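First chain written, first letter: the chains are A, B, C and D, and each begins at residue 1.
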Amino acid sequence: MDISQMQERIARFADERDWDQFHTPRNLLLALMGELGELAELLQWKTDEQVREALQESAGRQAIEEEVADVAIYLLRLAQVMDIDIPTAVETKTALNENKYPADRVRGSAKKYDEY
Amino acid sequence: MDISQMQERIARFADERDWDQFHTPRNLLLALMGELGELAELLQWKTDEQVREALQESAGRQAIEEEVADVAIYLLRLAQVMDIDIPTAVETKTALNENKYPADRVRGSAKKYDEY
Amino acid sequence: MDISQMQERIARFADERDWDQFHTPRNLLLALMGELGELAELLQWKTDEQVREALQESAGRQAIEEEVADVAIYLLRLAQVMDIDIPTAVETKTALNENKYPADRVRGSAKKYDEY
Amino acid sequence: MDISQMQERIARFADERDWDQFHTPRNLLLALMGELGELAELLQWKTDEQVREALQESAGRQAIEEEVADVAIYLLRLAQVMDIDIPTAVETKTALNENKYPADRVRGSAKKYDEY
């Protein structure tokens, strides 16, 4: 599925339940935050190594994938109700970032990465 | 661009700057939170009507689109480094939600929506 | 209880469980984000009027108070492990804000509030 | 300053600017999220060791203290407008947590900490 197909799927899900009425930008932003919080709960006490291990176990991976999906669902829906085309927005922003952070000036060190 | 093309674009951007080393799941989750916070700052004092107006003005729309793009960029990158296929995860989760919230039981009222 | 008494209480709770080892600033920040997400889930589909009603019902109020408490607990703990005195930090920042937003220039309209 | 004194200070700041009208629970929650995002931006690419170093430098510490203060300010204000007494809520929730996580059952390992 591409992005617009996922958005159609999510819109149909909401429409069949008459939940469109709740999907204002501010409500969806709070919902997105709720889902990001659930993802944080899965990673909050783990080291990077433990995150890697969790992703290699079936139950650990599934739990993380579900939360990433929930974050994605609300982001796709938020973009849809605000009539924002995600690929165009990402392309435009990445081009801006390429100008803002020239590769030869910012390459490599955490320090530089941090300051820019 | 589809999702994997956007992810390739973002990966190349990081790679050219030798920033892959910073893109651990936990770091990217904090970065995603930072960008979601910037989006929140744009909507925090606005009514739903004022959000709609902001999206109709060129400067307002551009500011919101940039923050939505930043959230999308870090989500795409996070999924990539955790080797999660977003369309599959979204499809799986939406199917789960369809079972969890049968349309004929939850249709319509905010109250029902809330309790489920 | 004042702030340092609450912090002692929370520190003792963590100490008795040997959980201090997990209470790094980054971990606590993710935990704070998780709790803020839970609070968001309670308010995400509600109008301002419905939030007011929820706060007047015993179960609604209790649920919200528990999430506010969780956010407060992790913020108090985060400040403690970073050796930040919250009253001093709040006083310093409020004084900065008073200079940044002179009352006679920013008074009243949402528009002005937004721009500053 | 104790909590109610900080809240009075923050309320006076808002009142002098006629900003009370914007301080609904949902708006303040979005503002809290914005400030938590700014704190995340300061820690997102740092290791635990680099966070420690940042807290030992004057500029690094000041930046972090300001963001912690902003998070605290909005949390104090949010509790105030919802008429929630933070010390009571924290005490109640900590007592609940003590029952939920008996020290002798959950002591020590990250694994146990995680599962509870």
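Throughout what follows, contacts are C-beta pairs under 8 Å (C-beta built on N, C-alpha and C of every residue); 3 or more make two chains touch, one makes a residue touch a chain.
Given the structure is predicted, the values throughout are model-derived calculations rather than measurements.
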Query raised in the report: Between C-D and B-D, which chain pair is linked by more C-beta pairs in contact?
Result: C-D
Report summary line: Here chain A maps onto chain D under a C-alpha rotation whose angle in degrees, rounded to the nearest 5, is 180
Query - Euclidean distance of C-alpha centroids - chain B vs chain D, Å - result: 24
Requested in this report: Measure off the straight-line distance from the CA centroid of chain C to the CA centroid of chain D, and report it in whole Å.
Outcome: 3
Query raised in the report: Which chain C residues touch at least two other chains?
Result: 22, 26, 29-30, 33, 36, 40, 43, 45-46, 110, 113
Query raised in the report: So in the complex, which bits of chain B are touching chain C?
Result: 26, 29-30, 33, 45-46, 50, 110, 113-114
**Report entry** chain B contact footprint on chain D (complex, rising order)
**Finding:** 22, 27, 30-31, 33-38, 40-41, 43-45
Query raised in the report: Hey, which residues of chain D end up touching chain C in the complex?
Result: 1-3, 6, 9-10, 13, 16-19, 21-22, 24-26, 29, 32-33, 36, 39-40, 43, 46, 48, 51, 55, 64-66, 68-73, 75-76, 78-79, 82-84, 86-87, 89-94, 96-98, 101, 103, 106-108, 110, 113
